[in-house]
Amino acid sequence: MPLVRQVIADLRETVAALHGELTRYGLVMWTAGNVSARVPGEDLMVIKPSGVAYDQLTADTIVVTDLHGELVEGDLSPSSDTAAHGYVYRHMPEVGGVVHTHSAYATAWAARGEPIPCVLTMMADEFGGEVPVGPFALIGDDSIGRGIVETLRDSRSPAVLMRNHGPFTIGSDARAAVKAAVMVEDVARTVHIAHQLGSPTGIGQDDIDSLYVRYRTVYGQA
Amino acid sequence: MPLVRQVIADLRETVAALHGELTRYGLVMWTAGNVSARVPGEDLMVIKPSGVAYDQLTADTIVVTDLHGELVEGDLSPSSDTAAHGYVYRHMPEVGGVVHTHSAYATAWAARGEPIPCVLTMMADEFGGEVPVGPFALIGDDSIGRGIVETLRDSRSPAVLMRNHGPFTIGSDARAAVKAAVMVEDVARTVHIAHQLGSPTGIGQDDIDSLYVRYRTVYGQA
Amino acid sequence: MPLVRQVIADLRETVAALHGELTRYGLVMWTAGNVSARVPGEDLMVIKPSGVAYDQLTADTIVVTDLHGELVEGDLSPSSDTAAHGYVYRHMPEVGGVVHTHSAYATAWAARGEPIPCVLTMMADEFGGEVPVGPFALIGDDSIGRGIVETLRDSRSPAVLMRNHGPFTIGSDARAAVKAAVMVEDVARTVHIAHQLGSPTGIGQDDIDSLYVRYRTVYGQA
Amino acid sequence: MPLVRQVIADLRETVAALHGELTRYGLVMWTAGNVSARVPGEDLMVIKPSGVAYDQLTADTIVVTDLHGELVEGDLSPSSDTAAHGYVYRHMPEVGGVVHTHSAYATAWAARGEPIPCVLTMMADEFGGEVPVGPFALIGDDSIGRGIVETLRDSRSPAVLMRNHGPFTIGSDARAAVKAAVMVEDVARTVHIAHQLGSPTGIGQDDIDSLYVRYRTVYGQA
């Protein structure tokens, strides 16, 4: 049990700090975006409290909930998106981190309900193809979480554009999910700009597959 | 009376600091935007001085005026928009803060005289529908204030796009009005981007209503 | 003479610091933009050295030249735009500061050779009408300076968009010219965005005149 | 040999610091961009390690490889683009620095496979004409490096837009290559914006030549 306590304390630090990447890259305004992390081996997650300014997020303010969003530890109410995060953790055991933003370009694709086509080598690397669109869903029950899981379960993409809402991203841990949130906005923006003056050239499926596989095995440090 | 003095001193601090949110989110250039707060229970407000750089705004530079814009306390001339702020406070007793900017995307909708359609769940949350357009009005008499009040009185939106001019926002206090100024630029930008490559899908009125009501009751800390 | 020395020393400080406004508002990349100030009552100006990074601009690096661009004081070569600045000072005695940038939106209007139409109250305030286009001119003789002066001499606007090149702005002092450089990019951007989804409504000439006159007499501190 | 050791130590410092210019100008997201420098007189280069955050890049983390990308010194794996950098150094002896980014506007032109037309005097200065497009090439062999070299060998431009991928830039040293990376994004953005509302006016070839030659001989410090 002391070990779990340390893991939770570390995750609260990590998740508090990772919100700084959302503001650094301009993905969030005011308080409208959140990061969570699964507590490995426990039916618990750590997540941003609701409506708290990013400047004031410290490890102490991050809350711990069960995977149905019930508060387990912390003084503040959890993010209003907690149910969606929990649904993802309950149904995708490989996921260790979830991020939600309303970053402008990704949300614009979501507002039109259009997937982002895979026309950049970086998209092939990171997303393995297009970034898919999830259903329109109201907040307040399982429908957002179910929409995320049903869209991502059979996709290589760690990002889904929820209709009229914005992107949700997943990763093996919270940092990977934050990276996906940064990257989905970057490709949403670049592909948007490319489309403004004409049509980008597509990339063949074989080339997409080759880039996707290579990136998984060669990029980064061992 | 000593109590009012303390309240005014605190509001000057708060209002000086809140201008930092306008620069942080890129809503203002040079000196062209201002925040005010009503002094609760008094016919007074605190507001930015005219033409002073944001770097130099301290509590000391913030001025106190009556609700017709006459200087009551402070060494500097009040914002040239003071009459409009005062008109709002005189006619909307529930308003405790007013903000004006020329943020680019909101002002672009204002220049075309087009309301921002409600195509994002975040807009349903924050604005309860479209962001409305107010009339063209010259500075120098009550016409800007009247345009703001007549447009917002029957709207859920805390933001109005004054034609050829820019957004004015209101809130229960100055911080809420600043949040609305940040949010109106964010949705103005995202909906603009969505329209550049096609047409966003609308959100049904029932869903807008449901999101709007829920946000008011569930979001944030109790 | 000691008095002139102090004036020059102060202007070098001021001009060095004002370049920080160009970087703050994203108007310049690398070393491509410059500020100068006339030394009042002397046929001298202070100006940025050529090709020096903004981080390294201190009062010591700012150079003094005559109004034909010949170095009078300083260890570095003056900006390659010095001749244009000097031409403006020689032919417009009311001008105390000149700024040149390649800020993106203003330069885009310049690349199409289109004036920015006056569709914002802020443009009426600051520019008194449209922002005019100056001729295409090569660097290396008087043609840039002449193009600036011939365009601005009969205009209310403190900014000219030199074709295929970028904006030059003037002011009663260097700070006013920097303000005009910030504002011309802001209105270039906002009006661009407004045009992307339709046509902004115009402002009548009487209203433009009224706003322009009022701004000159009422805005700011006495 | 001690001299080479000092040169390498200095280049590691320089290259670590130059990555700060990529983040300052918003050219890179997360870890997706890299700078290298040739070690003069040796068949060696220094380059960013793969997948390391820019905040964590210090001289110690920068690695040394031969010009085929084999690690010679350092604890980390070199950038996954090392082979492309090495190919350029092997085939263009005048090149002392190489930079790769996925900056948004330049990458958007690359996604459409369109060169950036020379419609700005700054482009004539820096690029001597249009910015050319290189072939689509997969990572993992010599094809990216070959595409860069074949495109740039007969061009004045220090930047090539690799199809569906992004810009690569070269320079006499790493700082010059970074400047070209900053400038190519700036002109990609400005020319994009110019095209959004119409067609920029072209610049005649004689004027382009004249500007290009003059910039090489007059700009900057001797």
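Should a chain be cited, it is by its letter among A, B, C and D, assigned in written order, with residues numbered from 1 in that chain.
Basically, a contact is a pair of C-beta atoms (placed from the backbone, for glycine too) under 8 Å apart; a residue touches a chain by one contact, two chains touch by 3 or more.
According to UniProt, the chain labels map to these proteins: A, B, C, D = L-ribulose-5-phosphate 4-epimerase.
All values reported here derive from a predicted model rather than from experimental measurement.
Mostly differing positions are employed by chain B and chain C in their mutual contact, as under half of the interface residue numbers are shared between these two copies. Centroids of chain B and chain C (each the mean of its C-alpha atoms) stand 31 Å apart. Distance between chain centres (mean CA atoms), chain A to chain C: 44 Å. In chain B, the residues that touch at least two other chains are 196. You'll find the chains touch as A-B, A-D, B-C, C-D. Residues of chain D touching chain A in their complex: 29-30, 32, 49-52, 76-77, 80, 102, 104-105, 107-109, 111-114, 136, 138-140, 163-166, 192, 195-196. Within the complex, the chain A residues that touch chain D are 25, 119-122, 179, 182-183, 186, 189-191, 193-194, 196-201, 203, 207, 210-211, 214, 218-222.
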